[in-house]
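Please read the structure below before turning to the comments.
In this document, chain identifiers A, B, C, D, E and F correspond to the written order of the chains, with residue numbering beginning at 1 in each.
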Amino acid sequence: MATKKFMFVNRKAPYGTVYALESLEVVLISAAFEQDVSLAFIDDGVYQIAKGQDTTGIGQKNFSATYKALGDYEINKLYVEKESLEERGLTLDDLMDLTWEDEDDDYEEKPSIHLVDRADMAGIMAQQEVVISF
Amino acid sequence: MATKKFMFVNRKAPYGTVYALESLEVVLISAAFEQDVSLAFIDDGVYQIAKGQDTTGIGQKNFSATYKALGDYEINKLYVEKESLEERGLTLDDLMDLTWEDEDDDYEEKPSIHLVDRADMAGIMAQQEVVISF
Amino acid sequence: MKYTLMINEGPYQHQSSDTALQFARAALEKGHEIYRVFFYHDGVNNGTRLSAPPQDDRQIQKEWSELAKQHDLDLVICIAAAQRRGLMDADEAKRQGMDADNIIEGFRISGLGQLIEGGIQADRTLVFGD
Amino acid sequence: MKYTLMINEGPYQHQSSDTALQFARAALEKGHEIYRVFFYHDGVNNGTRLSAPPQDDRQIQKEWSELAKQHDLDLVICIAAAQRRGLMDADEAKRQGMDADNIIEGFRISGLGQLIEGGIQADRTLVFGD
Amino acid sequence: MAMLHIVNKSPFERVAFESCLNHASAGDSILMIEDAAVGAVKNTRFSESIEAALKDKSVYVLSGDLAARGLSEDRIITGVTAVDYAGFVDLTVDNDTTQSWL
Amino acid sequence: MAMLHIVNKSPFERVAFESCLNHASAGDSILMIEDAAVGAVKNTRFSESIEAALKDKSVYVLSGDLAARGLSEDRIITGVTAVDYAGFVDLTVDNDTTQSWL
């Protein structure tokens, strides 16, 4: 099958709506198709990968640990927008530490999260072939 | 049954979502209970009573004529927020001509739409006993 | 206090049904009365018995059904909203010539008047939606 | 052109299913191909056969079903999303021990891989949602 | 007549929260639930609006919704009170009416 | 590679439309559908943003959605083009990719 550049765009906070959870389910499945997959976290989407999520008070399943599994499937291009973090009083330190092991580089652990500014994010979006938004 | 001050708050444009249509169905039913009913149109809710709605291009039923029936059920307190109109480039002339006949005043035809500013709208909301939002 | 709750969104898609469920439990625990829960718009989808979410996820529809049983709650699904969205009890299915129904125990289908009447009877009316 | 469409909201509540239906008709009229329509999130609710909207309103679920029949469209409902929301075909109902099913003719239930495969095969992938 | 305004929308995504603040009266209470909980945090694009509201209104956030989104209570704006569902119920008792900003 | 950005949210209610404008590239096209159609109108709080976008992007509005909300085509911003569903299809052909701003 052909390889295409797929981007999954996440703009919504988790738990208030199902989009974050069901988006992650799509991303995991996409790994099986060996496509060139990247994820964009902009606007409220940045809360999806916030550190320390604790859902005991709202009765929903905490699915945030699943983002840590993405690296094992070589999904390691998670673009996070700098301006979106700043407007929300957040920094990179507030996000989970998401990494992957590069088997072409002696299994070195490398960061999956790439902090980019708005202009760079626009440039990355412009290169995509299939954009699926949630 | 007791008489309460009911307010139905409309903040969303029609047709993009079902809220405007199904809100109107609630308002019509409320007439049967002889309550003190008023409607607030703020933010995108003002488009619900825009003049000249034509849905032939989108395959949905045009339900805007139903607002004209509200006067017959003595639902005649339709508060429209001035600032919400202005931000959208609209004036009172862009809204439907909604009226009711005052049987205590020789069936004189009177306007149902009351243009109020934001501060007045806040004051009207503060007096309500049951507020149902869509 | 006597409450009427209105729920405007279906289960899972939005948090509103979860929040209303937690609110209802907290109110009952404090000795308040839930006079009625009225399901409108996509909220009618909370009343299906055909859902089967993953075992480790919450079962929203069943939780409402069980809460209703425990506390004798009046859970009302709006008939007009239900007809658009495909929620049917046995009587309505028969009337519409449908070959199946899908409503879960503890819910009943009725008209919009139940919402207004709920608003009149209750001390507080709360809306949960999107 | 070959299209894959994704629909993320249920009928009536949001316009997205209406818009997708109009888009699909216009594309077919121009001689394009609809490779697949994938229903996700509350979009799975477009596949119920138990709806009975007012006579003067559109019948969204039936319109999809009829369009599929006319043009041999592949309408796929995501199984995981369907299980949460209570959409069942006869096989799945049996497997889950349900006493009823509610899917309309012309839709099939399958996995999320169908969305990705649709995205790979189609020239254009469009998302309709809220 | 005091009113409890319930907001469930992120102030960064929708106008609903701002509209709530524009229509709440002095002495009213505002409760942030669901996605609106992110509005309770200090030093955001929105925090000044909350600080202004605190001058004549009470502002609350549902603690479970705050925690779910990875935000700890030490990050919330001074003067905003975290409550649980029991506290949510109490707020509906203490105010005469509620209005949801959907 | 030109992209068609499809927006279906009112710019007066949600940030989605503004976010779309912030991420569209020169040469891209933007199509307003559903509730976003109200953003096509002249002299609104949002119209300057559309006028700025028109400098290096093409902007369209779905005519059926505009008419449904009571807005006639003589009210739309100069430079914005009204299209029907057939025109919507053509836009997806003329651009290499589409992105929906939900």
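Just so it is clear, a residue touches a chain if its C-beta (ideal position, glycine included) is under 8 Å from a C-beta of that chain, and two chains touch if they have at least 3 such contacts.
Keep in mind the model is a prediction, meaning the values are calculated, not measured.
Q: On the document's contact criterion, could you list the chains that touch subunit B and likewise touch subunit D?
A: Of all the chains present, those in contact with both subunit B and subunit D are C, F.
Q: What are the chains that subunit D and subunit F both touch?
A: Touches both subunit D and subunit F: A, B.
Q: More contacting C-beta pairs: B-F or A-D?
A: B-F
Q: Between subunit A and subunit B, tell me the centre distance in angstrom, where each centre is the average of that chain's C-alpha atoms.
A: That gives a centre separation of 43 Å.
Q: How many angstrom lie between the centres of subunit A and subunit E, each centre taken as the mean Cα position?
A: That gives a centre separation of 28 Å.
Q: Taking each chain's centre as the mean of its CA atoms, how far is subunit C from subunit F in angstrom?
A: It comes to 38 Å between the two C-alpha centres.
Q: Quick one: report the Å distance separating subunit C from subunit E, using the average Cα coordinate of each chain.
A: Using C-alpha averages as centres, the distance is 26 Å.
Q: If I count partner chains per residue in subunit B, which residues reach a count of at least 2?
A: Where subunit B meets two or more other chains at a single residue, that happens at 11, 15-18, 43, 58, 60, 130-131, 133-134.
Q: Would you pick out the residues of subunit F that each touch at least 2 other chains?
A: 8, 12-13, 15-16, 34-35, 64, 84, 97-98, 100, 102
Q: Provide the list of subunit C residues touching at least two other chains, using ranges where the numbers run on.
A: 8, 12-13, 15, 19, 22, 41, 57, 80, 125, 127, 129-130
Q: Which chains touch which?
A: A-C, A-D, A-E, A-F, B-C, B-D, B-E, B-F, C-D, C-E, D-F, E-F
Q: Which residues of subunit D touch subunit A once you look at their complex with the stated criterion?
A: Interface residues on subunit D, with respect to subunit A: 6, 8, 40-41, 80-81, 111-113, 115-117, 119-120, 125, 127, 129.
Q: Which stretch or stretches of subunit E touch subunit A in the complex?
A: 8, 10, 12-13, 34-35, 38, 41-45, 47, 62-65, 67-72, 75, 84
Q: Within the complex, which stretch of subunit F touches subunit A?
A: Against subunit A, subunit F makes touches at 1, 3, 15-16, 19, 22-25, 28, 96-102.
Q: Mind listing the subunit D positions that touch subunit F in their complex?
A: Touching subunit F: residues 1, 3, 8, 15-16, 19, 22-23, 25-27, 29-30, 32, 124-130 of subunit D.
Q: Quick check: in the complex, which residue numbers of subunit C touch subunit A?
A: Contact set of subunit C toward subunit A: 12-15, 18-19, 21-22, 56-58, 130.
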